[in-house]
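Same chain, two partners: chain A is paired with chain B first, then with chain C.
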Partner chain A sequence: MNTLKYQSQAVAKPYFVFAMVLFVGQILFGLLMGLQYVVGDIVGGLIPFNVARMVHTNLLIVWLLFGFMGAAYYLVPEEAETELHSPKLAMVLFWIFAGAGVLTILGYLFVPYATLAHITGNDYFPTMGREFLEQPTIIKIGIVVVALGFLYNLGMTILKGRKTAINMVMMTGLIGLAVFFLFAFYNPTNLALDKYFWWFVVHLWVEGVWELIMGAILAFVLIKITGVDREVIEKWLYVIIAMALISGILGTGHHFYWLMVPEYWQWVGSIFSAIEPLPFFAMVLYAFNMVNRRRREHPNKAATLWALGTSVMAFLGAGVWGFLHTLAPVNYFTHGSQITAAHGHMAFYGAYAMIVMTIMSYAMPKLRGIGEANCNKAQVTEMWGFWLMTVGMVFITLFLTGAGILQVWLQRIPESGEALSFMATQDKLAIFYWLREIAGVVFLIGLIAYLASFFVKSKQTA
Partner chain B sequence: MSERFTKGMARNIYYGGSVFFFLIFLALTFHTTKEMPKRDHRQNITESVARGKALWEDNNCVGCHSLIGEGAYFAPELVNVYNRRGGEEGFKAFFSGWMKAQPLNIPGRRQMPNFHLSDQEIDDLAEFLKWASEMDTNNWPPNIEG
Partner chain C sequence: MKTENILQAESVTQLLENKADKRLPGDLAMWFFILAELTVFAVFFIGFAVAENANMAMFAEGKAQLHKVAGLINTIALITSSYFVALSLHSMRKNNAKQTLRHLGLALVFAGVYVVLKLWEYQALFALGIHIETNTFFTLYFLITAFHFLHIILGMLILAYMAINVYKDNYNDPTTENEFSGFESGACYWHMVDLLWIILFPLIYII
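Then we have the complex of A and B:
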């Protein structure tokens, strides 16, 4: 059965499928790292922690990028009311990006990092070895090429079609993503400058332009599942992303407190990042309001659950857990502790992993030719996945927060001489790390349930 | 109220507000980069310090350690390790011994790999950590344990 409005939307499917493959890898390596926290020599020297961590974080970033690209290929043609400029280009870029991603991960796993840096010419154009930007320089160039082709394809589609607010916001977000990634190529010898501009990629992505992408995807799904007037949904989309950028741009200052910069950043960063939870709170009100004012009963209940869930979890993870340690006097003690890790986990899951699963939940039944929604049984399985992953993540966050508070209390607050050393403190946190690992297993079970939902068939077709 | 507050107005707030605050951000960044030399002591970045930073990156040290709180939280903070482990008198001797003793192979303990660095490379890395420890980080970390 053909259920797509525009046939070229079909290119979104391989992007979503591949994103899920990478997601599984991310979680497996996350569980391995969780074990290494408590049993340091669990795999001997086979997979050092730093390798597992690169795989874990890079897989996350890449699968989210695949998810965003899939989302864009799905929603941009439908919004523009025209076929995608070139489905062929989209597929070529898919294989280039997937190939580069797989090569990079295999490189991390099977080649010592220093050797990888050496053979990829990092001596001549050093960009590697910085958190989240570990990819060999040649791979980074490949990412830029893929991004340019992707933006060209979408840009041409929008140019010949309808320019809706959702498309414009999605496009600004994606262009911003590509532009700020260029700072990954700036790696001066002076660590002070290196660190300052590193945040132009990291912060201006996750607390800047990615929020535009999230907002656009959420608005698209809300229009589809609630039938609420586009004018209303797009107006509040603008309000939310305006708040996100107005707070988030100067909010970058909350990463500068302890860098080699003037003290005024402690004021600028504290004030503006204290406003950062607001757009996320507005997003919760927005999602629930639109669903309450719905003009149709969409059969895809799972997609509605994801849309509401992502707003709530993004608010908790990015908003509340971000605010917990964003004020400079608090951050002085919590910076770089397990509290940071707690925030990072829930924020990424709530805002970005869940928004990708929201659009997937809505789009996959159409992409797979099933129709408006999966059968009831498949939706129930999907909702099991939703709840197990989400509850798993809530507990991961709570246990890491517990670990972080104890860490700050033992290692950071006492004076030199009285404070416990880093390693001695870590031993005291073991119980929290074990509990976090159990919560991680719950998350994995949720992920399995979620993936299983794609294989549940209704009785009629079975 | 919602009738009078139109989509066009919301859009203008979004574009206007973003551009306005981004320009402020750029202005502050410009001022910050002018102030930075006083705090990062870049005149002390020797050839050896530069090589040390490259070694820091090529061996992905940040995959386990943090440096000024950024990186992984699996292994100790290193911006002040120079002061924590002996400073002027003792750090280099300690550091060289430490790097060569890896992996410690203590059962159950987190393992640091041996990166097989030459004496020259270990010295470069030590110089990098020494320079880093002398930067002005607005008094962070709170104590010597990092």
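Then we have the complex of A and C:
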């Protein structure tokens, strides 16, 4: 059965599927690291902690990028009311990006990082070795090529079609994503400058342009599942992205506190990042309000659950857990502790992993020719996945927060001499790490349930 | 609020007593945005108060170096500007486009007075060798007033946008109730900018 409005939207499917494959990898490496935290090396030195961490974080970023690209290929043609400019280009770029991604991960796993740097010519154009941006230079160049082709394809689609606020916000977000990635190529030798520009990629992605992508996807799904007037949804989208950009861009200051920048950054960073929860809170109000005012009963209940869930979890993870340690006087003690890890986990899951699963939940039944929604049984399985992953993540966050508070108490607050060393502190946190690992297993079970929901079949499709 | 009620109301009290009329002027989204803006400034003001409490002498000395008369003139300029925006709304309700434009124009002129004077104030401080890194007082002085200054600029752009729409007669279509709400939203934003200065001026310059 053909259930797509525009046939070229079908290119979104491989992007979503591959995103899920990488997601599984990310979680497995996360669990491995969770164990390494407490028992040390368990795989005979084959996968050192630093490599596992690199794989865990890189897989996350790459699967989210695949998810965003899939989301864009799905929603941009539908919003523009025209076929995608070139489905062929989208498929070619898919294989290039997927191939480069797999090669990179295999490189991390099977070649020592220094050797990988050497054989990929890092000596000629050094960009490697920075957290999250560990990819070999040649892969980074590949990412830029893929991004350019992707933006060209979408840009041409929008130019020939209808221009909606959602498409404009989505495009702005995606262009911003590509532009800020260019700072990955600027690698000053001065460590403070290195970190300073590194945040131009990392912060301005997750607390800037990615929020536009999230806002656009959420608005798209809300229009579809609630039937509320586009005008109303778009108006709120504008308010939210305005707040997100103002607070997010100036909020970059919260990374500069201890980076040899002028002291006023402590004020700018503290005050504007204190405002960063607001756009997320607005998203919660907006999502719930629109669903309450719905004009139709969409059969895809799971997609509605994801849309509401992502707004709440993004607010908690990015908003509340971010605020916990964002004020300069607090951050003086908590900087780079397990509290940061707690925030990172829930924010990435709540804001970005969940928004990708929101659009997937809405789009996959159509992409797979099932119809408006999966059968009831499949939706119930999917909702089990939602709740297990979400509850698992809540507990991962709570246990890491507990670990973080204890870490600050033992290692950061006491005057030097009385303070425990880093590794001695880690030993004291073991109970929290074990609990976190158990919550991680719950998360994995949730992920399995979620993936299983794609295979649940019923004779009658909704 | 119905046009006639406002026009017929003899006093503010009479307006307030008219409780049956509870419509929110402007768009709810604008009010949400205003609330967010007020929150940012509230955090700034709290930060300022806390820092002042910890550095009484430094703040007193800093305040003494500010030009109070310039601050006062700016206060008057902004209140006057807001007054003309309020008048322009009345003219709108009377469907008098010419008068609306005149009032908006005057509001922009008084906002312009603020812009020029504020820039002169900054220039005078720079000439004394005072800048954002001089001390905590001036860090906060420059951050808060510059942030407010940016709001004045944005507010002026909004007023100009409103004036263009009045000129093009975009608000005068009885079918576009929403457009009129756009005018009210813009007016509300400008009143917020003015209100912020009324708190900011005594807090930073005087008390």
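Note that in this section the second predicted complex is superposed on the first by the 459 of 462 C-alpha atoms of A that agree within 3 Å, B and C clash if a C-alpha of one lies under 4 Å from a C-alpha of the other, contacts with A are read in each partner's own complex, and residues count from 1 in each chain.
Here, contacts are C-beta pairs under 8 Å (C-beta built on N, C-alpha and C of every residue); 3 or more make two chains touch, one makes a residue touch a chain.
Please read all numbers here as calculations on a predicted model, not as lab measurements.
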Check your understanding: Does the superposition put A:G336 against chain B (first), chain C (second), both, or neither?
Key -> first
Practice item. Could you look at A:I275 and tell me whether it touches chain B, chain C, both or neither (first, second, both, neither)? Key: second
Practice item. Please indicate which partner A:W267 is in contact with in the superposed arrangement: first for chain B, second for chain C, both, or neither. Key: second
Check your understanding: Looking at the overlay, what does A:G121 touch: chain B (first), chain C (second), both, or neither?
Key -> neither
Check your understanding: Per the overlay, which chain contacts more chain A residues, chain B or chain C?
Key -> B
Practice item. Could you tell me if A:G99 is touching chain B, chain C, both of them or neither one (first, second, both, neither)? Key: neither
Check your understanding: Regarding the shared-chain residue A:G371, is it in contact with chain B (first), chain C (second), both, or neither?
Key -> neither
**Study point:** Shared chain A surface residues [contacts with chain B and with chain C]
**Key:** 235-236, 238-239, 242, 262-264, 268
Point to revise | Of all residues in chain A, those that touch chain C in their complex | key: 235-236, 238-239, 242-243, 247, 262-264, 267-268, 270-272, 274-275, 278, 282
Review point. Which of the residues in chain B end up touching chain A in this complex?
Key: 2, 5-7, 10-11, 13-14, 17-18, 21-22, 24-25, 28-29, 31-33, 35-36, 39-40, 42, 45, 49-50, 53-54, 56-64, 66-77, 103, 105, 107-111, 113, 115, 132, 135-146
Study note, to complete from the structure: In the complex, the residues of chain C that touch chain A are 27, 29, 32-33, 36, 39-40, 43-44, 47, 132-133, 139-140, 142-143
Point to revise | Of all residues in chain A, those that touch chain B in their complex | key: 33, 36-37, 39-41, 44-45, 48-51, 53-54, 113-114, 117-118, 122-123, 126, 128-131, 134, 165, 187, 189-193, 195-196, 231-232, 234-236, 238-239, 241-242, 245-246, 249-250, 252, 256-266, 268, 332-333, 335-338, 340-341, 411-417, 419-423, 425-426
